[in-house]
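Look at the two complexes coming up: subunit A is in both, with subunit B in one and subunit C in the other.
After this line comes the complex of A and B, so read on.
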């Protein structure tokens, strides 16, 4: 069973964002073993995934749809450069339009419909009340760039990676809810360049193996991986661009408010080969859950404690957890019978 | 305990020793400021009929060599023009600050050259170009971290994260979490 989108809640200022019981039960909990370690944790994003799970459909549309689209509009208004596309990426952006519209209309016909007559397409997004007649491949027939147009109608950040010289390049994207990386700065970087700041993995040879795997992805065989961090308050836009306005929240955690303030932030990252351009569409879908909601599942609470307790110091630092990590471990310890 | 071999995360470019590519039909030497003695010796080692020297400087200093002199603002146009006239198998040898050599790299790749045709000497100084992730302004010739952004005046930590496209390192506000926690500037190496 899927969840219907609910009215708009905020990811800033008063933070009215909440998860329903169903949203909690389907949360993509990322820790598969008690001790945290790096791995090339890539697996096929095969359809259909388990019923009702966030992996059931190619793109997960959930109860936060309207809230996330409203948040994206705010970010783009503040800073239009959060959506960028180099000239040679036009075809790849149209690939994305086709992929997203086809998937959404097939998987959620109650919310989205797509009708085609040759290159004349009609798109209807009933949730946002958008109707559009356009010519596929002709950017002048859309009210904005193809990437921004579709990006404003689908949850999650998107980077479009150009593939050349056996490498991947960050040449287009719409990124309004990143976990501390800047599309404007990373634009044009190769795979190993944009991973430059990640500690430990380089020594372990993770990037070389991951890149080989990713450049070999075939059309129609998408893959996914999960990534995670901790975020203070239900803030979607934890970008470096806006860090001066939210960085101080990391000092606001106390033993009394830790369960309510600290959120586990999970990214479901999907990589999908685009058929016309040979680019990879890299979608980064973010889910947020407060520790308070997370510990309603005893298994998660116990495992989360162990994963946090064994998290290597360079990762605590890299993920920006230094100021409150001990309070998180202390809070979670009450749910672990070993303690 | 972490293993001692753990290196600080970085994607700083690595500069290998430069040697003349004898297979090239032409050799274009580009130097920011007055050429070092080492660069002059390197330049002298190539046959006169197959080489061009492009000097980039703001001052009108006299140069001994038969060279082309341009200012930084004229570089893109001049380099694009030269590459259009030179053989496809031209090799570029570039010496200057790190931002300068990657600016040259960008212009040359835009003009259709591949990375293997662009030989870069190790930067002549430790000065860095800094890209502010908050206001996107560029601050030139940064030697210490933290450094003040020339755009938004914030105190920026200079991270070892380099963009070849911007020819710059990234700067992130260092005292955003706690305004009282501002470390003393340290020289960048």
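After this line comes the complex of A and C, so read on.
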């Protein structure tokens, strides 16, 4: 890790979350063109990525590690159903344990270590001060379900997708920082079912192509894509389950506070084939940056303006930006005088 | 090859039926990937005339990835691969294989599993069985073979599975009645077939009559690409032309001409080798493209499909 974890900051109530200068510089800015359009924007998640970037390691552990793990613990306490796993997904969850522990211990040996003697594994998470001896594959040797155990120790949401009949099914996951979707609602759904609310893409044939691509992902060949939305305040948990506590915040944006309140929320989504179960591990790692931090990069400020200005109306609506989108465009226009 | 190949050593060779040889493969360096039941690997065989590449199911217990085992039937009209495996490959030899991929995984949410194997088609089920037993799944294995040629592992399977094992040796005039096999099954029953195209079609037609949905019928046919009339293929970008002979696939001809095409199953299922077509009439033989996609005539799966026209222009 290039940046050591900071002490715990909050993603709710007093919102003490901040990005350091280095965190700003490595923010995964998602807009590659002035005009934002849907595309099957998938690329190999090849290791090692550019030095210091969020793509350098398979799983990015950054300065927000302790804060995000504390936030996850709060969400799970409020609503344990944010972590679900169907019975047939047990092996896939162990696949995830193997993948995450192997990656973290290899990439961040100063923080994580894993030692194996056959199926007897020892795991040490120095950041959270967790030590565990367990038998790989035997869920009774962990203090909680394998998915919850590992999910509480790694940044980002995880959905484990079962693959059958050339389709993918949302049969397990730990989801505490979603961009307005619910694991409990989507549980058991097929790929096209859980994408039901997405506008425009179906007509464009994007899902059909994406599904064929995803079901063909091979072991050892993970891929990634970026997704984005705008979030009011540095709130990680924007889920339908907690809508009453954040939905109204969209009315709190004013021309005076827009730069501080509105955050670009970027998800680095990685899809990785699990070898033992043939499931797909879908990780959604969320990064938040306030507009005022974002515009410290003049190229980003200019492009963000153009992408927001040309965003099609159905997408403005789907992403829940309707109420404050004009204020965002107006604020960003000062950084893009020719447009 | 489109994936990072693994170098393996042939640790053991065993004759497991009159026409079937089993090969145990271990990693030359490092360790092998864990794998899921129903996985296959593509084995590369450096023949004298050309390089053969065939997909073979892993038949070992997926719980133990210290070695992979595959079984190869000597084909009556071998295109070269099975002859190479039977005659050339000896203990201690090294081979290149692809990482495991899976296009035939058990549906763990099924209430009951009926496994139907014909001949060397027993191989994927050999990796299903230990995991099904561990999960205490409800299953039956129906095994069709000709004991003068195939029938590998039948004795150990009979002993291990007892009442759940049904064998049909056609050399002893034993036949499997598909209609009886499928009749009166409870809802939530899934059937898996690994065997020749004819058997798969028979099961599909009986299942359709009985009102089974397609989603509970799973099959794997690792038949070699069927021959067809020769044709010429041209690459639009460079104008390079390649002749495709009667008994080789378009993919093999391209590989021979050092045109790299990503691929995985080499059987028209996985979709990795999809290649855009600019001109010519395609003879689609794959199970990957939809009916609409096939009708568009703008994409070909070169591992199995060919050309109706004398010339096919690939948009690569």
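Going forward, the second predicted complex is superposed on the first by the 337 of 339 C-alpha atoms of A that agree within 3 Å, B and C clash if a C-alpha of one lies under 4 Å from a C-alpha of the other, contacts with A are read in each partner's own complex, and residues count from 1 in each chain.
Heads up, the rule we're going with is that a residue touches a chain if its C-beta (ideal position, glycine included) is under 8 Å from a C-beta of that chain, and two chains touch if they have at least 3 such contacts.
Please read all numbers here as calculations on a predicted model, not as lab measurements.
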For A:52, is the partner it touches subunit B (first), subunit C (second), both, or none of the two (neither)?
neither
Kindly classify A:164 by the partners it touches after superposition: subunit B alone (first), subunit C alone (second), both, or neither?
second
After lining up the shared chain so the two structures overlap, which partner does A:277 touch, if you call subunit B first and subunit C second: first, second, both or neither?
second
First (subunit B), second (subunit C), both or neither touched by A:312:
first
Going by the contact rule set out at the top, does A:196 touch subunit B (first), subunit C (second), both, or neither?
first
Counting residues of subunit A touched by each partner, does subunit B or subunit C come out ahead?
B
Could you say whether A:218 touches subunit B, subunit C, both of them, or neither, answering first, second, both or neither?
second
Looking at the overlay, does A:298 come into contact with subunit B only (first), subunit C only (second), both, or neither?
neither
Quick check: in the complex, which residue numbers of subunit A touch subunit C?
86, 88, 98, 162-165, 212, 216, 218-221, 275-278
What part of subunit C is in contact with subunit A in the complex they form?
3-4, 33-36, 38-39, 62, 99-102, 105, 107-109, 215, 264, 270-272, 288
Residue positions on subunit A within touch of subunit B in the complex are 81, 182, 184-189, 192-193, 195-200, 202-203, 240-244, 247-248, 250-251, 312-314, 318, 323
Over in the complex, which subunit B residues touch subunit A? Could you list them?
2, 5-11, 131, 133-134, 136, 154, 159-166, 170, 172-173, 176-178
